[in-house]
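Following are the structures in question.
The following pair of complexes shares a single chain, chain A, combined with chain B in the former and chain C in the latter.
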Partner chain A sequence: MTGTSTRVALLVLFLAVLALPPFIGLNSYYLQVLNLAWIAAIAALGLNIVTGITGQVVLGQAAMMGLGAYTTGLLLLKTSLPWWIALPCALLLTGLVGAALGLISVRIRGHYLAITTLGLNEIFRLVVLNEEWLTGGAFGLRDIPVVNLPGPGASTASHLYLPVLGITVAVYALTLRVFRTRLGRDMRAIRDDELAAESMGVNSRMTKVVSFVVCAIWGALAGGLYVLFIGFVSPNNFVVLESIRLLLIVVIGGLGSIGGTFLAALVVTVLPEALRDLQMVYMAVFGLGVVIILLLAPRGLGILADWILAPFLPGYRDGPPVAVEQTTGISLERDGNATGPATTRAVPAPAESPLLKVRNVTKHFGGVAALNDVSFDVREGEILGLIGPNGSGKSTMINVCSGIVQASAGQIELGSSVVSGRAAWDVHALGVSRIFQNVRLWTSMTVLENVMVPHPDSRRSGTIESIIGTRSLFAKEERAREAALEALNLIGIGALADRTTSDLSFGQSRLVELARAIVNKPKLLLLDEPAAGLRGGLIMDLADILMRLRDQGMTILVVEHRVKLIMGMCDRVVVLNLGEKIAEGNPVDVARDPVVVDAYLGGKIKRDTTRAPGRVPRSEPIRSAS
Partner chain B sequence: MLGQVIASGAAMGAIYALVALGYVFVWNTMGIINFAAGEFITFSAYIFVGTLITSLALPFPFALALIAILMAAMGAAFSRLVFSRLQRQRALVAIIATVGFGIFLKEMAHIIYGPEPLMYDGPFGMRTLDVAGILISYQQLLILAVVTLIMAAQYLVFRYTMLGKVMRAVAMDRETAALMGIPVERVLAGTFAYSSVLAALAGLLLAPLFFVTVDMGTMVGLKGFVAMIIGGFGSIPGAILGGLLLGILENIASFTISSAYKDAIAFALLLVFLAFLPQGILPEKVVDRA
Partner chain C sequence: MTFFTRATSTFVAATVMAGFGLAAAGLPAQAQTVIGASAPLTGPRALLGRNFKQGVELAVEEINAAGGVLGKPLQVAFEDDQGDNPNAALNAVNKLMQVSKAPVILGPHYSVAQLATQKTYCDGTTISVTSASGIPVTAGGCKYVIRVRGNDEVQARALVEFARKELKTDKIGIIAVADDMGRGGVSRITAILDAAGIKPVAVESHNAGDKDFSAQLSRMKNAGAALVIMWTHDNEAGLIVRQAKQLGLNMRFAGSTSASEPTFIKLAGDAAEGVISANDFVPTNPDPRIQAFVKKYQAKYNMLPEIWASAYYDATQLAARAINEAGSTDPAKVRAAFAKMQHDGVLASYRCQDNGDCNQQIHIVEVKGGQPMVLTTVKF
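Now for the complex of A and B:
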């Protein structure tokens, strides 16, 4: 069997083999090559964090390395600081540059970010090349005092081998921990679906800045080690091609795979040395290899590495795979013991105080007014149905309430705080959660991780504690995990917890999304067509669970098209048509309102006797697909 | 002197415009940015100078026709094998894969033609023309003439033929176009072939100005992309305007500020545009394609 102990034993064996070279008298040239491989592994890991894990394309990691190298080198040459002060100073400076780049990445994405970072790398090269008074120009910095530590073997390369390897392994262990806890989940959520991440409380701006800072610091650490070890830097070490080589490592290792990056760094650095005769060919092979890996085997060397490292990755369970029973949907029996007594309320409490106040909200898209001066209240503890024909502004209303679209005019208040004008993650923190019309899960993550992301204990973990890995972080992780399992059990899909969400059916995904929306016990739940795509029986189960949630004190605003569902579960209904509110009241009254009947439910068909029967103008059918 | 700087900047800008147009076509039909565009320039310059002109000693017009056919065939093949597969992928994957493919092309040129730079004087040699005190080389005139011709022909094709309508249909909605019986794969291959021909033209027009080296096209390719962003992402008139503007501004700035930082100017300009006018000068939404 290949249980945890086997894999851990393999990992220890692998690391032990890596530690051998200085003791078996490998010649110093090969030791140097290996040292360079570990240094590349650190820089590529930084790049993997920002590109592979957070999904922001960076084509300038070599400049980060260069900044770290030149800063360390200059501090050693021009001041008499010892290396253990110079190196942290370089990390700090590069980290600040990374933070600035992170802020840029909030505004510039995708292709723009790729060309911008590439351009900055080129600008860095030109500055280093031309500002000779500082950087020594094309000749670089020479005669930097090399660190010498006692160690096995005779050469400097041999003395430094174990420290460099040790630092590399430590950096990887740290990154692996960050990957599987709060910060890593947020990063992956942003990569998989940034909009969903923001609506579920992930501060995407902060997370991106942090990932760029970590990327920059790992890059600078690699550059600093290079200087301390080689004692020489030149502009040619940090050109765009070097950035691309680091990207090659990340891709060959499998984008987002931490262990894969380590293996790929070894392969990409050592292979060209081993195959010196083929020097002409190897870059061409690597270039083509990247294309082939991306198209045919996107996990790259990560397949191997992630298998060994599985015990340290999310979604791992020791022992034989648990037989997942076929879950059909919501199991209401488990509800009671999972969340305490569900007090059933016979009659909706009348005239309760408003929880959400929508006041004169207007939203223009170009010349189109999707919402025009809409006002209504959602009262505490009610289910309010928001209905209307297609294109009447229902989804825009939900988007405005959850903060992913900002209203052009008007104001929205939740209790005593103003919602409008805030970022989506701040709105979530106030207690507003939502699901999307088209299910938006983070598909590379497990079901459990999806549900853990919005949990308050995940949200409250600070960035620093997430990186250091304090005891309180693990306590919060554990609480978030338990609450997530509880939410999954409440919805009846606890058995799916360790599955990857990309493997789920549409109905299952919808239920996971619902669990994700209620795990933080929101004050207000926004549902955009929650029953879309669900089969009949499941729809009534859904209505039941929504009513139970309401009875536990949750307030729900739901957009739906199915009249039966609306009539069955809503306490009140607001009707929108062409961006304007045309009715509000209890479902029975609204259904009789002639304006509503005319606009939405389907009025009397006025036969125009002058036209052919086939071209009768009529209102939109109520069950039309949207 | 400024006139001189602007004239040679315009010639360079015309090249950027050609490259930017290649990006626009591929973006509008495939939805990917071909980061290997610069290497297409390098590769075709090598074939043109190394094989067609030097080894086979073909006269310029024959060589011109042959390189266009060759690069179109290669472009169509690469589109089928690699690029059309990338359009279903995330932007991140497409960017990295095209960068990887660029390295492959560049290294292939290196393997086939060796490390020595190739030299080529162009069809007119080094002769220049004196226009009111401004010296313009025949090569620069050729560049401007070819680029103007291409723009005009392309405008006519897009405006008045079925091919143009089909390409625009694929650009607007690929699924619907396929359902309406348009052979989408062939249109994509054709578009990519055309953008490869544009790159080939850029390569052979540049060859007399630079030495033909493995790095010759890289910067030009990237600056073509910058020109496209400055002009308006995905806009044809924007690409032309952005290319000319970038060429002229770059020349003026390197003349007045610092020639050592010439390659940084395009990127600095890009940052300025992304900060203050991120949608470019002629955004695609407002201006209909030519």
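Now for the complex of A and C:
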């Protein structure tokens, strides 16, 4: 039979086995260990969302657990709210703290973020330790009423086993759904390449905040369940070591693997208990076990879990791949159902109105002026070539236009909107799309997912609907998928849709990037050396594609070195040298211009303009750019 | 890939099986009377755990030489609680209760671990014999906890009252470490002084691991303190008295248990002379019962016993006697036997109250000639 039914059957069997313990008379010690494993699984899943899936290393998840636990406990003790009100209140409060942490993470990155969250964990512990009047100090909150639910068996651990397991499975199912739809794609895109994500329309700030909120809420849920089940909470439950244990679970589970986190939580909680009889050395043996797991499976237990869960993960297709015409390179249906205004156009219409207006743009990196007072127009429906020797500021120009780098002075307008000063994702939303000089795909995702990210239907689905999973979310998902396939077919690589991008050749990756750039039908396409690294045949195919896109109404600004390509496809050319515009006009004229020729050969002849360069050293924060 | 998948799944399956398999194999053999011990065997508190274990094992040796418990040899099943880790303690106690079926558990030793596990064992499944000194340990209404030491309050009260009477001064200053131990100490001392209508002339704090105390000491001097009570760890207490001597201050010092520990005496040198503290156990105590214990312990382990070895030696003896006197391992009967028992141990002559507190005495110790000497024993 097909793989899907085998896997689903295995999954159902696995869950059924997990549901057995309260019915087969296991004593409450085993049930309690398993309950603690499920609680750890929930907290670690939150951490996996932010660290494994969004790529923001957090070392303070125990504090989120603690906040949820203490809030739940205090509400139960000090007000006589029932637990089913106290727990949601705790989730809400912790979610707000998570949002604040998310905003911090926008500013603080990488190792700094890890250390900051470590510090927050310690601050939480100290506050709880010192504010004895509220938290009970070092001895913790005692006498918290434990939830009583009817259930099989005699002990609390047994009564609460199925509810805790049920909540855990529900949390995992929800997270899996988020993972494979819009929000999850955005998170993974940020992890794989944040810069590319931002310029493809992903609001990285919002996405990070949301992932921290979800992380905090899952942590608080774990802490709250702990309190409701154990009835005791102390600062020692939420020390930094506990955060590290949760991170260990995420790592053993394979960073980013949802099913792996579940298995790892089981192993990390149950294994030390199983080894207890080794007495003094059992923790050492446990450590050895962890090392062995990571040696045998560097991607952790995720390999196993992801195989079973594959039908619920992105990029899964049951049975043989759908028959798509296999193409060797780019195959274009010359007269397809293009919706553009004209199919052929010999000469660009001279009176075209400008689409992009670059006005006096200057960009300093420290004391170096990468761009100095550059002005030009990109007219609607043309291919404008931006050329110049190495270091002339071409890539900086593309970066400034796409919002990745902010100009030090000057203004850029797209139609009637001002582009300069906006975040990259807002620029993308205005209809500016780009590709990078060195291909920047999100390598952990499938080709199809890469192309789905910038699609307007992906961009338009709200955070709440992405988490709840409304019908309109799935409708939008479907539209984005169809449009992405269409874009891939347009470029001629529909057959690659389900491949993981890391498996592609450089040429294929370049074409995927191009499909990703045009899927939202942008008004302006910015191309930074699209032919770099492509072999000869592909280069001319690429020129064909670009001209075809232009004929469909897209405006293109292309940075390129190859004279042949420029001459072949550009309507006009702008030449930069050392950050200044030295020529503009049709390709043939520009190629003969002595100033241009000299710039390429190394000299610098000034036209008899009297403009002084006026380079003012100015320091300002520089974001990494390609 | 496939190999890894298979290897991983085999490994996971093996570990899960081993979990339940090993635990099942750990069932007690019926030829012995088994009690449990929840001690910090691993982690940063493992040294305390070692002393705990040595005290227990010495007691077991003696008990079995004298005929065992209920006519069978006594066996102690140890589980690691990692000291003050509530989850590890919960699992250790649960396992001892459910798998080893222990009617009595020695420990958990840390107050926070005690409090975390009381919801689990206080239903009468088992009795915990502990030396955790946190006040809430016997104040929460748990009927199945037995404590072999006085609580923190007792220690502070004995020290303050003795010092005031002996030194005839009400000009008392306090230097405490800024952690839960120090802060707890300050609040208890000020409450005790408050009850006597006295306010401390100065209260200063320092961070754990500080090396320079001249600022705190000069403020003590300026406030006119005649007696400074230190509620801090042994290293810091040693430095405080040494620096006071170097500064030529002539105030007296008193301290918590740490001010009679070997580290303090070694570090303070001459300056330790005359420092008063409250302690449950000093190996120099001339009491013949204590000297006999010190000799046995030294013979077996080639080191001097300290307070935790002594406390859990006593706890083991108490538990064995209670089970023997109950004639059964039924926890309710054993608990009733504890209530009726009077036992002369190393730390004290035990007599259990209803709340489970069995030790109503503490020694006042003064450092004389580089040795901690028991001045008197306060009974309450």
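Things to note:
The working rule: the second predicted complex is superposed on the first by the 562 of 626 C-alpha atoms of A that agree within 3 Å, B and C clash if a C-alpha of one lies under 4 Å from a C-alpha of the other, contacts with A are read in each partner's own complex, and residues count from 1 in each chain.
Rule of thumb we're sticking to: a residue touches a chain if its C-beta (ideal position, glycine included) is under 8 Å from a C-beta of that chain, and two chains touch if they have at least 3 such contacts.
Treat the numbers as computed from the prediction; the structure is a model and nothing was measured.
Contacts of A:I115 after superposition on the shared chain: chain B is touched, whereas chain C is not. In the superposition on chain A, A:L13 makes contact with neither chain B nor chain C.
When both complexes are overlaid on chain A, the residue A:V595 reaches neither chain B nor chain C. Shared-chain residue A:M283: touches chain B and chain C both. Once the two complexes are laid over each other on the shared chain, residue contacts for A:V418 go to neither chain B nor chain C. In the superposition on chain A, A:A475 makes contact with neither chain B nor chain C. When the two complexes are overlaid on their common chain A, residue A:I230 makes contact with chain C while staying clear of chain B. In the superposed model, A:A170 lies in contact with neither chain B nor chain C.
Across the superposed pair, chain B and chain C both touch chain A at residues 129-130, 280, 283, 289.
Per the touch definition, chain A reaches chain B in the complex via residues 51, 55, 57, 59, 107-108, 110-112, 114-116, 118-120, 122-123, 126-127, 129-130, 244, 247-248, 251, 255, 280-281, 283-284, 286-291, 294-295, 298.
Across the complex, chain A meets chain C through its residues 27-30, 32-33, 36, 129-130, 137-140, 142-143, 146, 230-232, 234, 236-237, 263, 266-267, 270-271, 273-277, 279-280, 282-283, 289, 292-293, 296-297, 301, 303-304, 307.
The touching residues of chain C, when paired with chain A in their complex, are 1, 4-5, 7-9, 11-12, 15-16, 18-20, 22-23, 25-26, 41-43, 46, 78-80, 84-87, 90-92, 94-95, 97-99, 111-112, 115-116, 118-119, 134, 136, 140, 180, 183-184.
By the touch criterion stated above, chain B contacts chain A in their complex at residues 33, 35, 82, 85-86, 89-93, 95-97, 99-108, 110-111, 222, 225-226, 229, 258, 260-261, 263-264, 266-268, 270-271, 274, 278.
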